[in-house]
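These notes concern the structure reproduced below.
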Amino acid sequence: MYEQKIREVMHGVKNKKINVDEAVKKLKFMPFEDIGFAKIDHHRALRRGFPEVVFCQNKTTEQVVAIVKKLAAINSNILATRATEEMFNEVKKHIRNAQYNKISRAIIIQNQKNKIKKNGKILVLSAGTSDMPVAEEAAVVAEAMGSRVERVYDVGVAGLHRLLSSKEKLEEANALIIVAGMDGVLPSVVSGLFGKPIIAVPTSVGYGASFKGIAPLLTMLNSCSPGVVVVNIDNGFGAGYFASMINK
Amino acid sequence: MYEQKIREVMHGVKNKKINVDEAVKKLKFMPFEDIGFAKIDHHRALRRGFPEVVFCQNKTTEQVVAIVKKLAAINSNILATRATEEMFNEVKKHIRNAQYNKISRAIIIQNQKNKIKKNGKILVLSAGTSDMPVAEEAAVVAEAMGSRVERVYDVGVAGLHRLLSSKEKLEEANALIIVAGMDGVLPSVVSGLFGKPIIAVPTSVGYGASFKGIAPLLTMLNSCSPGVVVVNIDNGFGAGYFASMINK
Amino acid sequence: MYEQKIREVMHGVKNKKINVDEAVKKLKFMPFEDIGFAKIDHHRALRRGFPEVVFCQNKTTEQVVAIVKKLAAINSNILATRATEEMFNEVKKHIRNAQYNKISRAIIIQNQKNKIKKNGKILVLSAGTSDMPVAEEAAVVAEAMGSRVERVYDVGVAGLHRLLSSKEKLEEANALIIVAGMDGVLPSVVSGLFGKPIIAVPTSVGYGASFKGIAPLLTMLNSCSPGVVVVNIDNGFGAGYFASMINK
Amino acid sequence: MYEQKIREVMHGVKNKKINVDEAVKKLKFMPFEDIGFAKIDHHRALRRGFPEVVFCQNKTTEQVVAIVKKLAAINSNILATRATEEMFNEVKKHIRNAQYNKISRAIIIQNQKNKIKKNGKILVLSAGTSDMPVAEEAAVVAEAMGSRVERVYDVGVAGLHRLLSSKEKLEEANALIIVAGMDGVLPSVVSGLFGKPIIAVPTSVGYGASFKGIAPLLTMLNSCSPGVVVVNIDNGFGAGYFASMINK
Amino acid sequence: MYEQKIREVMHGVKNKKINVDEAVKKLKFMPFEDIGFAKIDHHRALRRGFPEVVFCQNKTTEQVVAIVKKLAAINSNILATRATEEMFNEVKKHIRNAQYNKISRAIIIQNQKNKIKKNGKILVLSAGTSDMPVAEEAAVVAEAMGSRVERVYDVGVAGLHRLLSSKEKLEEANALIIVAGMDGVLPSVVSGLFGKPIIAVPTSVGYGASFKGIAPLLTMLNSCSPGVVVVNIDNGFGAGYFASMINK
Amino acid sequence: MYEQKIREVMHGVKNKKINVDEAVKKLKFMPFEDIGFAKIDHHRALRRGFPEVVFCQNKTTEQVVAIVKKLAAINSNILATRATEEMFNEVKKHIRNAQYNKISRAIIIQNQKNKIKKNGKILVLSAGTSDMPVAEEAAVVAEAMGSRVERVYDVGVAGLHRLLSSKEKLEEANALIIVAGMDGVLPSVVSGLFGKPIIAVPTSVGYGASFKGIAPLLTMLNSCSPGVVVVNIDNGFGAGYFASMINK
Amino acid sequence: MYEQKIREVMHGVKNKKINVDEAVKKLKFMPFEDIGFAKIDHHRALRRGFPEVVFCQNKTTEQVVAIVKKLAAINSNILATRATEEMFNEVKKHIRNAQYNKISRAIIIQNQKNKIKKNGKILVLSAGTSDMPVAEEAAVVAEAMGSRVERVYDVGVAGLHRLLSSKEKLEEANALIIVAGMDGVLPSVVSGLFGKPIIAVPTSVGYGASFKGIAPLLTMLNSCSPGVVVVNIDNGFGAGYFASMINK
Amino acid sequence: MYEQKIREVMHGVKNKKINVDEAVKKLKFMPFEDIGFAKIDHHRALRRGFPEVVFCQNKTTEQVVAIVKKLAAINSNILATRATEEMFNEVKKHIRNAQYNKISRAIIIQNQKNKIKKNGKILVLSAGTSDMPVAEEAAVVAEAMGSRVERVYDVGVAGLHRLLSSKEKLEEANALIIVAGMDGVLPSVVSGLFGKPIIAVPTSVGYGASFKGIAPLLTMLNSCSPGVVVVNIDNGFGAGYFASMINK
């Protein structure tokens, strides 16, 4: 649309129907300038087969279905996070190949004509069983964005030997996503042992002075071992997304 | 510069030196699109005689002098806030008509050819003597932006009768800026008595559980009386600026 | 009533039934002094057709109905915010022309004999879909107070081009109300692009370290771009009210 | 019991059955030393007719009934705060003259033989309707402890004239209990106008940045007007208790 | 002045120079209505010999001297808190009988013609040596307001026996001021042992997680033993003032 | 398993099937090095008869049953904390001698062949009735780990004499666990009176400014009396566990 | 003194100079009851050779010297913490054998006639170089109280192998004191690897979101590995004291 | 050393000097197991030419010189952050080719024999002039670790057009480091416009409710635009380090 408008102005100038001053004025105030290169990004995303992401929390089932249908119509890969089972059931009625990851509460729609190419490996680690929904959200998002993902769950400090047993997986990965609540020490420990880039995700699981994730968030931000960056509390999506961006 | 570039492209099209496709491509990626309408704002600001504002805190004297000289060269009205006396002395050497408001630590440079037209009245109230630097910053900024300003200082709750004595000034003003630390109740009280739009400024003055301005900030945000909006702690500049924007 | 009492005392003095000393004493302790000018404000509000506002949260349906009936009896325009659907249904039984705005949960009663005159335009922007209840509350309140209101919803940072598409609406408005949760960056961005007075409303929508609205509240208070003032978290009412006060 | 033991030892010494060294040893380690003067306080409390107070929150109905029955058996005046209606119904089955104050959720049992003598007057003020449960708890407690209590509710900043209409009640009271949520400014304002000792009670009523009572708590602690002391958020009991202690 | 004006109007009415309508109008808008009863309080304060209080923190020596001289000229008793030694030296030059309490940093000026009558006893307790400046401020303020004051310092939990040694002083006092930093447990303990009204003052002395007084502030607000009220951190003045208000 | 592997390598070297370089390489990267000494701890724990602990919060009943069955199969003593009654009922179906402590919500399984030997005495004190679930969790954990435990509940500041009545129990104990909410003063007071090591447990019981346990947590961390250490809010398990570790 | 008084009363009773009623009354109100067993604790402390501890922060050099001289006169072992070098120099003038530990800023005075007997071993670990003053304070205090102390400093997560190299020292110790700032993960890691009781000390060293020690404090309180207790930020003294109490 | 020890044991087994049981025991408890693979990381770091990093804050000049000399002796590239000019001057005396970056306060020592190979491009953006020290630290660290770095400073929201002018640099970079204080909105805005991985660094620059960097930290953590990760306040080092890890 934007390009179309520029084109019209140009033809006007070429055909001497519009003089240069008028043309300059028209273009100067055209409200769509930015859409131009924004669209380019958008196109590039589509070319790379990246999915469109729908954040379902605080949306109604009707809203989710409407958005997903609209995206599916243009052959997108779609990832809907924080989706209830009810949302999935409604979506499934319209889009046969929709799949649901129960733990992470994600709906995944893989378009056959628009397959994302597979990238290097990302490892998702979680400290405890109760961190799994967040860890799984990170894993599902990274997969949907083309990363090969391995999971090593429940490797908290008390099970440090389990972590060390997974040494080879750790060495192979391009990036680590580490999900932990309570004291949130796992990223610091792993960073001290292995030289990998770590995306740390604090979780709100815990009680007492973990303050809904503030304690592990602060632990992770203050990590004494370099190579650790942090996303928001419970933000598995953000971690999986970022990990895939840097995964080549 | 941006306009110049568009103009060149246009002439190229007009003269058939550039074809339309190439022209569209050139314009589409031109990095200056936004400057266009940004400049308009800038121009409008200059037409209205609004001063350029330099925030001196965290800048060296050298940096401040350099910026002020550059602005003065293009005949701007200039307001430099949070300026030390040393900064002023250096500026004064280059710009003869520079003035210094000691309490608010502001340098004011009024360009004779570019006088700002005077608007309606704004009233600046402060609760205590120690709130004066912030109040005065608000007042000086509002004046520099063309508002007529009256000051009523030291009218805390213990001196409520002094507030009521200023009733006429309160009635005349288009907007009130109310500066208060400690319990920060003055905006709520004034708002309950008079129906004026109030911009409340919490100050960091106080001790104990005023927590460097958090206590009055919360009081003001929670005002039970409508018509109160809030700016950052000690942000006299923001209050004076906003008050002048709504003052007609 | 107050005036009546003064008048009686005066006639007593005039008719020498009361001596001056007694009269002074009577007036000095009369508890109604302040009501005098408070009433004036009240009257002026009514003359301007401003609605009486009832804040329904923490009130029972019975209390709300009772208050609304009493106000309707004196021909007021009425705005009841944070009202449940049940409250509206009960009110509707007594006041036929009561209307309900479901998203903002507001009851609006427009008195035909006491129409508010229409003022200039206010633009309400929201960053996300989930910010809509707060945005709509602001819009409804501003309308009830006589502002013409336009809404531009769901223009977060990821949809910046949609914001720019609304440039004309932005230019026309006397003031902007910007409602945003999570990172709360929209007011800063809009303020950097357009020179309009902005009333920023943080919302409690979000998760993790948004801390029920503290994160966007702090972002807005710290806005690097002047011309932004802030109201309490989720306080759509306060933003709409203030915007209308400054809208001429 | 304690006195009895001392007496026995004394008689042993007097009758030379116990030598002095043994007596000293016996007394030195007697575990009840402190009960002695604690009992005195207890006795004094009973003599003054002060009620025994039972804090029902976090207790089961069975526990409350058991405690109240035990106290009633020794003819105490009893005040049970934060009691549910169910608790009251069970208590009522055993103690015929038990009464229930629904708003403050207090059970009051006035023993006929042990009437508390009436003291001076305390005034309980509340800023809003939703502060009433806390205000009423304060009032009921103060009454149960022998104070004559007057209530002036819903006199927030927007209704300051209502406050001034109650000037005589304010002048008569020995102490004021002021209950307020949100901005919590009422104690500061009243303290600025009247020279009475004020016990301020912040309430958790509110939304947004009132943070469950932190905002009014800070306002009250930072009151610029002397003569204001503060109790815990929603602690009507503590305010009523303290007010009665200082009410003579 | 206010009375004078009313009187003039009255005489105008009496002498038929002003008609009733004009008189009503004159009185209705007279900006000084509130001063009337405010003055009464003021007068009462003077009659009781209460000192005028000057809070010196955040004031210059010049400002302090100017205010004190003005008050001294009208024969007031004066109490200047948070005064530096330099301030005192300057004041001393003008007012010969000025005295300085070094620990509490208070200047006391006792006017011979306007002696305050002595009231009942207040006991000031402090937990540690470093709480003394705050405790002494409370004591000096209470004395200046006519209370007889006894001090029992350094009676923290580790020295509980010292507290018990002072039992008689505790029993005699009308009210206790208890000053404590760090864990702030002293008010709870004393309240559990003695049935006296307690004004608790948290101090900012301490380190680590005492957070400049927040820890003892919270301890005191949450005291499980009734009869404890709290003032701001380090607010010895407020405690001494309130204690004297309730001391008869 | 680890030892087995080392042994195989050794035999290979001994039998000249593996040369030294290969052997070194094999051992160097063996991922189980740490398991070695971790296992020793594990073995020691089993030898001492310490129970395996299952933290049930945030686990499903199915998960809990599965884990408990697996542990029971290898003759462990088992302690399952934060278990619902439903969890217990399911466990009971499989493990006949399972017992349930309702107040602390703990499942205890004592293996007859693997009895833990009894250690010295630990005293668990609680300030209020509502602190009992946390106190009982501490007590049950300490018992399961071989400590003899005595309980003295409901000995808050208001009942200090009850504390003193338990002086002998206090003197006998090797360590004290003190559980308290609200003001959290009990550990400070007990520490001032008795020279015992104290493990303080803040509880989230309370209202207002106790902030879900932050107030007692800070009080305990700031205890002016040495010999007090602190665990997380409501962490009865941690206190019982640590107390047993130091109890000999 | 207390015993002396009891004895006098006893002799009075024995000699019939005081009758029993009078004697009971005398004893009942004697304010020193508690001193009795408090003194016992004191004596026991002296018998065990524990030092008297003087906390020098917030004290003047004169005060410190006076206290230390008084204690030295009764042959005490003395430990003065947070002492400046100036304080030490003054103390040294009076007490020849006084020693100064510069890093921990402690003055140690070991009385030759009153030697403390040596107990088991305590290990003090610190994460970083900048944690040393706090770690050394803990070590010095533990030594002064009779513990044999070993130090392993600078063993943060990045130097985990150094920690493992000290395995034998860790196995020998009765208790570990672990001092760490920033992320504070060391106690969790050590607790996961070794089954020792750990007293964790957060330090205020750090920057950004370590918030003067809050980050490591929360990490430690939320440790997922049991056996960790926590003392106040920078409270090396408390850790050393507690460790010695449990060290046998 | 570790390998040497294993080798010795192996030869002992091979030569039948040690039997298998003894060999297993020797290896099982060898405290250096972990050093093995830790060393590998270390070696790899050296092979890649990564510098050794010395964090100078909280270290004495002597300590810094000693560490740097030791590292220089083994031909390392060295980066010393947060170094004072005095530290640099001392280091310079010993290491001739040491360089100092004054703004970021970093000492850089580039070893000629151990040159790091150059990687892709990283772009460092800062919002304001006062964010430069942190931005420059990030840039210097990234350069020292082999990244080509471009800087675009002072591109806050008010200068959004300057940001857009740098579009090409933004498109070329592998990763963006964005440094911002106050409202911290820049990462959200840039992320909304460009699809690059962003490492956001909040700075403590600002006043009022920016709370030493908490405000921008929260803004960044809550970024509504995916692809943003966060490091600690003022942690330029961490951002530069992480950016280089993911830069290939």
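For this structure, a couple of remarks:
The letters A, B, C, D, E, F, G and H name the chains in turn, as written, and every chain counts its residues from 1.
As a convention for this text, a contact is a pair of C-beta atoms (placed from the backbone, for glycine too) under 8 Å apart; a residue touches a chain by one contact, two chains touch by 3 or more.
All values reported here derive from a predicted model rather than from experimental measurement.
Chains that touch both subunit F and subunit G are the following: A, D, E, H. Placing every chain at the mean of its C-alpha atoms, the farthest one from subunit C is found to be G. Its C-alpha atoms fitted onto subunit H, subunit B is found rotated by 90°, rounded in steps of 5.
Chain pairs E-F and A-F differ in how many C-beta pairs they share in contact, with the greater number at E-F. Between the CA-based centres of subunit D and subunit F the separation comes to 39 Å, rounded to the whole angstrom. If each chain is reduced to the centroid of its CA atoms, subunit D and subunit E end up 25 Å from each other. Between subunit C and subunit G, the centres computed from C-alpha atoms are 59 Å apart. Subunit A and subunit G have Cα centroids lying 51 Å from one another.
Across the assembly, subunit D contributes residues 33-34, 37-38, 160, 167, 193, 208-210, 214, 217, 221-222, 232-233 that each touch 2 or more other chains.
By the contact rule set out at the top, the touching chain pairs are A-B, A-C, A-F, A-G, A-H, B-C, B-D, B-E, B-H, C-D, C-E, C-H, D-E, D-F, D-G, E-F, E-G, F-G, F-H, G-H. The residues of subunit F lying in touch with subunit A in their complex are 29, 31-35, 38, 57-59, 63, 202, 204, 213-214, 217, 232-235. Of all residues in subunit A, those touching subunit H in their complex are 34, 37-38, 41, 44-45, 53, 167, 175, 193-197, 199, 217, 221-222, 226-233, 237-238, 241-242, 245-246, 248. By the touch rule above, subunit F contacts subunit H in their complex via residues 2-3, 6-7, 10-11, 13-14, 16, 20, 23-24, 27-29, 33-34, 36-37. Note for the complex: subunit C touches subunit H at residues 127-128, 156-160, 182-185, 188-189, 191-193, 206, 208-211, 214-216, 218-225. Across the complex, subunit C meets subunit A through its residues 129-130, 160-161, 164-168, 205, 207-210.
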